[in-house]
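Shared chain: chain A. Partners: chain B in the first complex, chain C in the second.
Up next is the complex of A and B:
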């Protein structure tokens, strides 16, 4: 009797499982892998959604739709009325934001959904698009896999080679709310044949578009940030070796890997402006040298020539950042950590304080390996 | 005649020193850890971690005092102790106080746990149904008495150690500059944070009930110290990780800072690691409210005397279910109830032991009481 009773009870408990209403079958899910936000010709918000199609009958592997909506959540219903099943953002890979939207004040508020809704993937990449977002969303190159996954891989690997910055939603939020650092995100553009990730987009602390860095500038920025991820390869044209940009072949060129970045930052404050002394020591490994040179004997001479070039390049990047009054290097963190009282005065206008700061750079490279041949 | 699993005086219900330590620690570490980094940062920025040491100091002192009190009557819980020294009705009153206190403790945490599952994993399911899923295991542990609870806490603590290791993945995302300068605004903000940290150490008052079960009572003092220290180390570790990863102004934006930060851990073979972590963390949370449920039911049984332990366990679970079915507290209500409850907790766990210790040490000077 007792046994029957407990069995009955266990069976009764089973029925409660059907009370969990969150069950969704995979067939009923449309996995949104890429989302696009842009403003159309009438300055209305357009939301694009790209999701994979798993049906054999479908000719295309991607399902792309666009709607006009007030907010991102508002777009979900409209999108669901168009795509095959229920939209899920749990696998979101990329969020493409049009440059036009980036120049619109308050656009970052739109992202609220991603941070509030616990179902969204917070590691989705935030990518700025130079040009209309729709062109990329509907782009289906024949020699690539699904564009959403292709872009994800493209951005990841370009970032791994230090060519572009990469910001996930979380990373973007962190930089945005960090008063001592400004966000910098990947920039993407479309050419006739392919999508190119060769820009990093500078934003200010309200998320507004400020400017962009190209590949070389971003590599330099990675050194400045002491944030190089893997092999950082630099190519220098040494005027001492007869390099000249106008020639067809530039035999005064030299390439090297930066093995490590050793950065020392000293922070000072005087006469109402910050002063940063950035000291870099870079062990490098030669990978390419088009001119003849006795590296073993005259190491110091060659190192000096490289230092001069690199220092000039770094100075140029810092000048550009200062001109735009944005600090993606994060020198504000140093200001806060070591000069807190002075920082407090400028913490809400760090961009301006950074612009006026006196930033001095010293680079010392050290050739640790000349390669297989002399 | 079966053994009475709920009898503190029985040798069969004794627990080892390790179980004693881990049970106290278990009751301390629970839902509070999820929101604590954010709570600390909201009051004193990235200096909040310093206040944890003060919380630890206060809770250790209070736990040592409780051990001193319990030494006066080693074979019984606080209820028997009060009845012994101050008479039967004081004993009943104590049973009522702890019955209410521990039941609210258990209910609020169980409810918060259900809310967490609801908010993070199953938004559309009802809270009471999510609660129901934990009733059968909770029931079996509660009727097993302190020994079953001690063993449960032991195994859950061991099984959840890997989560601390997983958190280490986050260190490479961190920036140590966030912590500098230490004491950026002086000691005042830190002192204002102490209140929050003291509350997060609540749970050591379980010594009132665990002490008679401890097999080697000489270990009680360092046992409670070890429990508090272990809790402190875990709190420090989790708080520092959050402070390093979040930028200083960002962390105060998040409700469950600890859970959100786990979202950024990803493996090639698995995204949304936070869901796995949360599911496993539910075990950690369960070991805060299951002991509290036992202590609550135990106290009420002492109050009413009649009935078998099983009935009390069922009754308590049924009432918890009914309350959620009728009231169904939302996040704000849960937040407010916890805030209100923490005041009660301060009184029961910090103020009461000090007063009781004072009264007892005066009483014990008279030989008459030393029986």
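Up next is the complex of A and C:
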């Protein structure tokens, strides 16, 4: 009897409590979909927030606000004083970081909030912006959907085609902490009419900006990393077929899909330098050939011409990376795996060691398909 | 629980039924009958005062020359057989023709009554009483013939491929329907009477060589213990027999289908047929049995298995979907895909109520519509459905009372709850989602999970006729799983479900194995 009474009392009390404190109805949330971090003219931190507006009465479907703040958390109160409801980062899609901020030492410490707060979406894309971040944040092209979602889709699909690298907050943290591999993130820029994702930004292990790779270079990097996501399409100008960069129409061009990347890495160490032998075997599928050639008969000849071009391009990319002393390929992982003692000595200056390393590349392509016509 | 029971007892509801008052003046129902016809008739009239439908016909009994009387209730008795088989014979048969001492009536069942209690019961049951001057006993002749509905298809448990005969309101017909399906002398019937004021015949049917005797004894003990005025319906009986009457979940199956009843009896369960009621009770049952339909066995097994899985999924949807909606909107919107969250946000922005109130409005509207449809005649019910559908589906959204997605949620919940084949279980599940909605609005997904755990614990702890309700899931009986979530081919089910504890385990290949296996 007493037990039942106390149970009843407990049940009655249950109805009076307000529930969990973190209860926020969806309509009381300002879902921050895109966040911008940049330095203004006075070298002060600016935080931008872009979030959707649900109300039918609002003319624009997106609200963008900017505040000056010391840290990200500090910005929240200031943002909430401006936007329509309570700010939430639970569905954060993109974090745009200005190039100016990327060149400022210690900027990555700002990201601490995202990693510490369990409610933040750890899969938000980290994107570098060439130029002022505000321009993109306030940009509202009429022929695109909400820019925050457009950028998210743009980066995802460009990454799927191996055109740019993509790093989520989670992935970025991993790359940052990994000594044998340097972070590389998506680069975005704004033209007059649209937003373009055609760069990958090279960062060193402290997150500082060191350089950038364009579309073609990134494709080559994907091969070097053995990390191609889907069909990787390359176009070559073969000088043997009369290609010449200055012509309006280049009939010596050839395009192909790289179906698969078979990479073999041999690691060596001599005279205080690392040496990496990278052997690639690439089955390719011809998708475009503007010159006439009997592929069935002279396969080896064409393969050789392609190899030569590809090898030169790869060499150029590696040279560029070595020049910048950053290793997004992850050769440090091989050094650690196969030459641990030597690695141990240079592990904290892997960038320098990579710069001095002797990297040799050999490429052998193999045409496995030439398309429907001869 | 005990507290509520005591409370009920204080109120005089659950305790003793009000004691019987002596009716009809000073007739002592246990006194022996008189030998005088006049006195007996006078007593009979005193018992049935104000009963214009009691017909008493006095006539000379030609065989002995004495005076005799025939009494029956008009309307409960079959006039044809009274006229042709009783009155005609008694008034016409001469001394020479008939055999002395043997009643010259052409009626199958003739009982002799020696007390007024028996007499009263017999008359009220439609039998005709033959009172003869000078005899100390009265003959009750089986002339039952009350208004009865034809045997038709079941409305509530319709089946596509099963038999199209459903029980009617007479226990004799219902028993006959079961006997037709189970034509074996092992099918035993134990009759009991329930009800102090209005006695009602209750028949426990079982297979003697299959059914665990404990079930029969428990059931008959429980029925014998009942001390109530009257039972009009199987549902009333079920409520009084249940192990945990305060539970939301039904612990006994009531069915209108003879084939369902027969298949359950064949598995070793018992079936209780209640006179005057068109459904029978099945006991003991487990939770999963409420999700099985008779069509499962008449369709091919992959289809039947798919249907079963669909029903369990529907059960989950019907219980949890509104709760999950509330939890996702109020607490855990991170789990909703981005594009969906944007469209939900747009819908929600137009709605002035919090999600819980929104859900409550819709759920209650739906329940009202459903109940309105049940009570109304079919053509009007259709109109109600259409009006309700338009009002809920479009106008409420356009008026900004509820959001689009809420309509989808409520509609799919409703459809899901209609899939569950057993009405009692479907009703329980419909009710269950309200506490879950409350918990979801207070604690989000954590609230739903705690509700789920409480529900599971309840399922496991419940009993049906003393047997566990969660079997074969908990306690685990892997062998019985052939016929739980899936319905494997019948030839794989060589043995009866072990959870029913039938005396003979094997139901196939018994000719090779002698039929007995312990």
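Just so we're on the same page, the second predicted complex is superposed on the first by the 360 of 374 C-alpha atoms of A that agree within 3 Å, B and C clash if a C-alpha of one lies under 4 Å from a C-alpha of the other, contacts with A are read in each partner's own complex, and residues count from 1 in each chain.
Criterion: contacts are C-beta pairs under 8 Å (C-beta built on N, C-alpha and C of every residue); 3 or more make two chains touch, one makes a residue touch a chain.
As the structure is a prediction and not an experimental result, all values here were calculated from the model.
When the two complexes are overlaid on chain A, chain B and chain C sit side by side with no clash.
Legend: residue contacts after superposition of the two complexes on their common chain; A:297 is shown touching neither chain B nor chain C.
Contact with chain C, but none with chain B, is seen for A:29 once the two complexes are overlaid on the shared chain. In the superposition on chain A, A:91 makes contact with both chain B and chain C. In the superposition on chain A, contact of A:334 is made with chain B only, not with chain C. Residue contacts after overlaying the shared chain place A:245 against neither chain B nor chain C.
Of the two partner chains, chain C is the only one touched by A:149; chain B is not. With both structures placed on the common chain, the touch criterion links A:59 to neither chain B nor chain C. When the shared chain is aligned, chain C comes close enough to touch A:4, but chain B does not.
For the overlaid pair of complexes, the smallest distance between C-alpha atoms of chain B and those of chain C rounds to 5 Å.
On chain A, the surface patch touched by chain B in one complex and by chain C in the other comprises residues 19-20, 22, 90-91, 119, 121. Of all residues in chain B, only 119-126, 129-130, 132-133, 136, 175, 177-178, 180-181, 184, 245-250, 253, 260, 263-264, 266, 271-272 touch chain A in the complex they form. Residue ranges on chain A touching chain B, taken from their complex, read 13, 16, 19-22, 90-91, 115, 118-119, 121-123, 168, 170, 173-175, 177-179, 181, 333-334, 336-338, 340. Chain contact summary for the complex, chain C toward chain A: residues 1-4, 6, 329-331, 333-334, 338-339, 341-342, 344-346, 348-351, 354-355, 438, 441-444, 446. The touching residues of chain A, counted against chain C in their complex, run 1, 4-5, 14-15, 17-20, 22-27, 29, 31, 33, 52, 54-56, 90-91, 93, 119, 121, 149.
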